[in-house]
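First chain written, first letter: the chains are A, B, C and D, and each begins at residue 1.
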Amino acid sequence: MDIFVRDIWVIPLLPLIALVLNLFLIRPLDVAYRDRAASHAGAAHDSHADHSEHSSSEAHYTAEELIESSYVSAIDTVDGHIDTPAAMPHALQTAQQTSGGKQAVALMRQWEQHPEHPHGQPTVYARLAGFVGIAGMFGSFAWAIGALFAMFGNTALQKGITIPLYNWLTFGSISYHVNFYADSLTVVMLVVVTAVSLLVQFYSQEYIESEEPRGYARFFAWLSLFAISMMILTLSANFLMIFIGWELVGVSSYLLIGFLGKDAPKIDGGRPSPSAAALKAFVTNRVGDFGFLIGIMILFAQTGTFTFTEIPQKLQGTDVTLITAAMILVFCGAVGKSAQFPLHVWLPDAMEGPTPVSALIHAATMVAAGVYLVARTFLLFHSFAGPQAAMVVAYTGGFTALFAALIAMVQVDLKRVLAYSTISQLGYMFVGLGVAGTDGPGMFHLMTHAFFKALLFLGSGGVLHALSGQQNMRKMGGLAAKIPLVAFPVLLATLSISGVPFLSGFFSKDEIIAQTLAHGDIALYVITVLTAFLTAFYMFRAWFLTFGGKGGAFGGLWGGKYRGDVHPHAPGMRIWLPLMLLAIPTVFAGYWGFAPLGGNFNAFITGNPAAAPFDNPFVDPMTYVSITLAFLGIGIAWLMYGMEVIPADALTRNPIGKGLHALFFNKFYVDELYMALIRFGIFLFAKIAVSFDKYVIDGIINGIGSGVLGIGRGLRKAETGRLQNYGAAFFGGALIIAAAFIAVVYFGK
Amino acid sequence: MSWLLTILVFLPTVGALAVMAAPRGLSRWLSAVFTGVVFLLSTWLYIGPMISSGGNAAVFGNVSHPYWVDQAPWINVAIGSLQLKIDYHLGADGLSIFMLILNALLTFLAVLGSGNISKRQREYMALLLLLETGVMGVFCAFDLYLFWLFWEIELIPMFLLIAVWGGQRREYAAWKFVIYTVLGSAVMLAGILLLYFNLGSQTGVYSASFNWLATHHVSGNLTVLGLTMSSQLIIFLLIYTAFAIKLPMFPFHTWLPDAHTEAPTAVSVLLAGILLKMGAYGLIRICVDFMPSGAHQFAWPLAILGVINMVYGGLCSLVQSDMKKMIAYSSVSHMGYVILGVAAAVGPGATNPAFKEAALTGAALQMFTHGTITAMLFFSVGVLYDRAHLRDINAFGGLQAKMPRLTWIYSFAVLASLGLPGLSGFVAEYLVYTGSFSTFPILVGVAAFTVIITAGYLLWMLKRSFFGPLNPKWNGITDASILEMTPLITLAVLVLFVGVFPQFMINLLHPSLNNIIQTISGAVTASGR
Amino acid sequence: MLLTLNSFLILGAVLFCIGLFGALSKRNAVSVLMGIEIMLNAVNITLVAFASSSTGTAHGARLTGQIFAIFIITVAAAEAAVALAMIIAIYRRRNSVDVSEINMMKW
Amino acid sequence: MSPTLIPLSSNDMWILSPEIAMTALALLVLSLDFLIKRREIIAFVSVFGLAVPAGLLAWIESTPNHPVYGFYGMYTIDNYAIFFDFLFLLIGAGVVMASYDFVQRYMRSSGEFYALLLFSLLGAMLMASSRELITVYISLELTSFPLYVMAGMLRKDIPNDNASSVRSTEASLKYVLLGAMSSAVLLYGMALLYGITGSTDLGEIAVALQRGFSGGPNSIVLLVADTFIFAGFGFKISAVPFHMWAPDIYQGAPTPGTLFFSVASKAAGFAALIRVFAAGGLLNAGSFYLWGFIAIAAVATMTLGNIVAIAQSDIKRMMAYSSIAQAGYILVGFTAVAYQPSNQTGISGMLVFLAVYVITNIGAFAGIIAFANATGSEQLRDFDGLFRRSPALAFGMILCLMSLAGIPPLAGALSKIYIFVTAWQEGGLLPWIVIIALINSVISIAYYIGVAYRIFVKNPPREDRLRVSAAISFALAVSVAGIIAATIFFQPLLNFGVSGAQALLK
């Protein structure tokens, strides 16, 4: 069994193979095949279509591109408006010929949002790409499971082994190694990553098929790339590797967020384009990386090594303040990647990516990387740095948890609610890492959260799929009856995240709340409990708005009035099956940390069999406080949105409520603040710099140039053309020189 | 004499003459053949020693004992109090080989990538070849006077290339380039003379040969305008001025955006890929190695200027609307890494010389990295420009739909440029950061801000031009052709390879750079600072 | 008053200055030429004065200045010939020998 | 010692033989002009006739222990003189070749022009060899008179420019009058020098000055003499402020004449200047402050030349300022000589620089003449796009201009480095002068490359091919080959210059 750990490099290798195959073999084939098909279709189009002789070939080409493949049998145009798909190409042509680009674009947009937009089908090669990606992922998942089982009961392995790969660089006594490191923490993380990745890839087959069939193969390639990056990050043995993984993850995320290269329909005018969201995500992450990098450099400069296992030995005797500063800077990276306040702004926008991506990256895995980083360097935070470092972690997490929960309460976009909920839950994890004596509670919540949040996102993806991309919860309602196979697992996950007992979320969240008390930090306790209440409320608000509503079964819990205008269509097996599979850990994963049943997650994750298991939550009276609050939250949501006995605007009618609502709804205006900072800070500086170049430096250079030329033009006039002037200059010059010569010789001394 | 270096330097000149003599239709092929042959020969610089030594990287030697040497007496005069000796002394150690191969490769690719040049193609190709001669000479001259002579050869070809084949403001850009460059080389000559005669009078041996200069350093003070400074510092500053202009270092950088923007694609590639490296190479090879204690004294200002370069260039890039100008300013920013790395290598502190070597290696690698990656960026923009005749970032939009190949490779270049791990840019930047930090913690902290700005402007540009909805104006735009993709893919493979296996490059550089580090630490210890 | 060397030298210098003034102020090219001739003759006076007062012991030292002067006279004659030829040439082309008008080429 | 007539020995004739041959050649050409109508024969004789004095020179030079002095020390044929003599012969050949077509087209009798040229060269050769003030003066005038005439020899207007012959006459008149004025000043200086030293022999003057005399080295008369002599030669070499004639006369004279002025007159002026000042010991005058004035003159000369050259629109006028600037660079070398009179270094720098300057300038002017022959224009703007009308001509011209600008690795750059090195190594304030000179080189780039820019970059006014005759192509090719050869084989040239310098200061 040890082989699963010793050769753990297999895990990233398999997706790597899939990536290379997809990128360099299958995708080119796919493209070539499509091109051929397109030209075929173009020919067919030519013969069928009855367009006039004089239509330019370019316009024809454009129209053809826009409909992806031939879909034309008849022409039925109503000027500038499209009623049937068949009318589209001709309408476009007309628009192109008559009024140029603008109208064509408008039509194109309109066309893309048309319910009968022909998405086409991925080619056989594209499907192959999907299979290859999934196969690779499945291999990795199986290997990770193998590694997990190899670790069970093997304390030596749990403590970790280094798997050297190769030497990247060496200078004298310092080395930059490319090494893997596997311990229980790694393996848990890997299992989460591979499991969620596998299911998401499986799910994506159907999802992407309808969203962007042309990018099918590319999408799977990027998913594999992401998986590899995440595995490198997880398996890294040193700060160099983790930074490499860190950045690669950022890039994969960038590529995947921006994957849908078109604008989605606006909701309340507030949604950015995917490419803008991708940009924002990457740059915000870079802000965190900036701190992370400096933190790494401080540690490296102090110890001369990047290796996690060596740093503690070499840090002995180093100034604690310096280490504290370094660790806080390292935590900056985590703040960026895990979307904690103040760098949380990218995550809600990242929801513009395809929903499977949101589930995989922006809920379950990548955003957990920050948590993983702190867990990985837990020893440094708690044993080497001053207490301030852990405090910063805990309070950042706590504040963010509450902050995001407040925003989540009032959002109307389904995915945004989930995004803020993710931010909030990540805050919990940091609280756990900040206050607990081990990285157990934080990692435990990471694991459980990964499953139920992935489930929630995939569920929301199912909804979006059913509603052709509609994300506004006001246009939903009662969907549980229409898509029960999606609704049921989502309900389980919603219960889990709300902290309903016996579900995984309950165990992990409650452990963290308990740790804040154990740590004696009342403020954090209040924050976390309050957040638990809010979580239950907003999650069920979302549930009722989406799946339930007045008139549904069980008092509006299941089904109800549908407010949308798109006819929901039931998703296929490839969508609901992963949901069902994810429901399993959503329910049961929590028992790994449930001591009465023998679960001792803490011992496993720390590699220390003697480590005390998490306390049995049902013994601790304080637990019932949070359970009560959770049910209270659910209850209020039920009353407001399920049964609608309390009007939804009950609290926002008064000015204070209205103001708060606006504040929450606008995310505390953080985005606006940042935009202002960028515009009046960075861009102002940039413009000053450019002006400095243009006016000062170039001014000097050009000034010298024109000055010399000017002097030349002036001196030129001295040549008057009169020989007597020349003679005068000659004699005058000679006399002056003679006089000066005499003066210098006689008076110079 | 091994003749290989001589052939490498002058074969392009022969090529230029051949191109001028041959019929017009042949010029492109002929120049491709010549640059191709030069490139193949240049790889022997690496392969040859590797074979002969059985793979021992130490064989490349250092500045005092380079592996490749071509030497012949040229000028030697002793009259009155003057002793002047200028040898035709070419040499190549790891650092030189590195740059020579890069130059040969990029020139070759530039010739391949000049398919769009239809105006006066013959002259264009001849000038490219002439340019290659000059740059080759710079990278393997092992006599300071000879170095200076080669340094200026590049001037005229580059001037004409910009002035004839450039864009709208080519005249202004070309002249600015010339003024800056000539000013720099004049000051450098003053520095060289000062070094030569000072060292000569101190040691009694008048020689400008690199192996002499690397082992004997000027000492003592000089009084200039009533200001007494150490001789090394003065000489360093004089010679460095030329390199600072070439690098380019703030505040001598304003020629670059203009030159880059106006130059034709392949010339921009060479400007960024090679000509800027002449400055970096000179800084490492000459300024640091021959005036170690001068460099040491100037380390702080140098580091500050490097950081200014990084941040300032980045900020300027942020607000450019011209794609090439943005890349040009990004060059300014990226070359700041070189300056910072070198400053850290010569700077105070850092008890462990390994850090300094890491920083210096980072700086040297940044030369390669920036050369290849910026070349990719320029080639990509060139492809776009050839079709659209526009470079305004905002004028495009959604090109991804029409140009998937170009988008793919351009994104690759952009990601490499912003330091994506696994690509060579990361290696260099990471080495510079981690190596420099122990010397200049605060400055490096400020410099690290660049990682954010870089990501910002590059990705923002990508977003505006390539992603998002397609601007219908470009409905008819076609994707990059295979010929256009060739240089891009070649470079991409290289960037990826070095990113994953940097040790390959480091082996080549290590003997040279390690020797420099030892020189520095020796000098610093001797001066008691 | 005894005529010393200095007297002749001063005469030469004054004559030189007079010639110079003439050469620089007269507008007629022939007058300018005459001014120059006066300058040359001032040099001759100086040379001869030096020669006659020379105490030089070298071979023919006392004669040198006079020989020099004779050469100068000869050369000056040739010079005048050339200059006058040019003046005539310019007069033919422009009907004027006013030197202040001869400024086609300037700047 | 009683004055006894010592007969001239065969030695004297031997060392004078090149000049005698030169005289014969000039006379032959002059008489051929009467006898033969075929001009190519005259030109042919002029060029190949130069082989006789050259052969004699080479013979003398290769003879071991050949006599060095003759005519009672008045005349010498040391390595310094040989260096210049060869240079002058080279100039003769180059100018005749370059001027062949021009002379044939625009001048009434080509024999006259060549004869004058040869006489002028004869004067220049004598100038390099004379060690006595009277001889210097006579040879100076022998050099100058033909120049005055040559300046005015353009009798037919060149096409497209119907004022060219008037300008030529004007140039000639200006030249002769200003030349005469400068001679007067020079003579006055010489007279004063003779007065205080009692001799016109440079060797005896040096001895006298060294021995001391009334007033000592700081005597006002000596200072004035120094200044006036410098002014007189400064006119020849067009040093500021004695340069003002140059642009007008360069512009007005027929282009071959301009070429000849720019090289022969300048080289001869320097030959005499160095000889008089170095061999005559004048540099020791004025408590060695002389070097400072020379330095100022050098700086002023090159700066003014370069800056005003930028603003020119006529290429000959631009070349005039260019030649002024080049004289400034040579004066930097002379500053070094003045700074340390016992050091031959600076002189060697000047010689080498002059040689390269001569070769290069012949090439550049050959290009200008060729262009003028083909288009009838000498305006800078007409050079636009020359590269497309005649690539070879354009290439040659660009190469020569780049060499003049001192762009490496051409010989011009090497000689410039060398002359700067000779100044730099003297120390003191001289490095500053060199730095100013370097800045000047930068400024000079503007107009040299400016011409190259026009030639290569700009669009030609019309797309015809220019026809360039064989003779001038040959001159240009020889010049280009000379530049390249001087680059590669710089060392022999250097050795030649060094031996010349060493001969001057034993």
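Definition applied: a residue touches a chain if its C-beta (ideal position, glycine included) is under 8 Å from a C-beta of that chain, and two chains touch if they have at least 3 such contacts.
The shown structure was predicted, so the numbers you read here are calculated from the model rather than taken from an experiment.
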{"item": "Reference subunit C; chain at largest CA-centroid distance", "value": "A"}
{"item": "Centre-to-centre distance between subunit D and subunit C (centres being mean Cα positions), rounded to whole Å", "value": "26"}
{"item": "Chain centre separation in whole Å, for subunit B relative to subunit A (CA means)", "value": "37"}
{"item": "Centroid distance [mean C-alpha coordinates] between subunit C and subunit A, Å", "value": "97"}
{"item": "Gap in Å, rounded to a whole number, between the CA centres of subunit D and subunit A", "value": "77"}
{"item": "Multi-chain contact residues (two or more partners), subunit B", "value": "179"}
{"item": "Touching two or more other chains - residues of subunit D", "value": "173-174, 177, 181, 247-248, 446"}
{"item": "Where subunit C touches two or more other chains, by residue", "value": "20, 23, 32, 99, 102, 104-106"}
{"item": "Full enumeration of touching chain pairs", "value": "A-B, A-C, A-D, B-D, C-D"}
{"item": "In the complex, subunit C residues that touch subunit A", "value": "20, 23-25, 32, 99-100, 102-107"}
{"item": "List of subunit A residues in touch with subunit C within their complex", "value": "716-717, 719-724, 727-728, 731"}
{"item": "Residues of subunit C that touch subunit D when the two form their complex", "value": "9, 12, 16, 19-20, 23, 29, 32-33, 36, 39-40, 42-43, 46-47, 49-51, 54-61, 63-65, 67-68, 71-72, 75, 78-79, 82-83, 86-87, 89-90, 93-94, 99, 102, 104-106"}
{"item": "Sites on subunit D touched by subunit B in the complex", "value": "340, 343-345, 348, 387-388, 391, 398, 402, 407-409, 413-414, 417-418, 420-422, 424-427, 431, 434-435, 438-439, 441-442, 445-446, 449, 452-453, 456-457, 490-491, 494-495, 498, 501-502"}
{"item": "Interfacial residue positions of subunit A with respect to subunit B in the complex", "value": "31, 58, 61-62, 65, 96, 100-102, 104-105, 108-109, 166-174, 176, 240, 243-245, 247-248, 251, 254, 258, 261-263, 273-276, 278-279, 282-283, 286-287, 289-290, 293-294, 296-298, 300-301, 304, 682-683, 685-687, 689-690, 693, 697-698, 701, 705"}
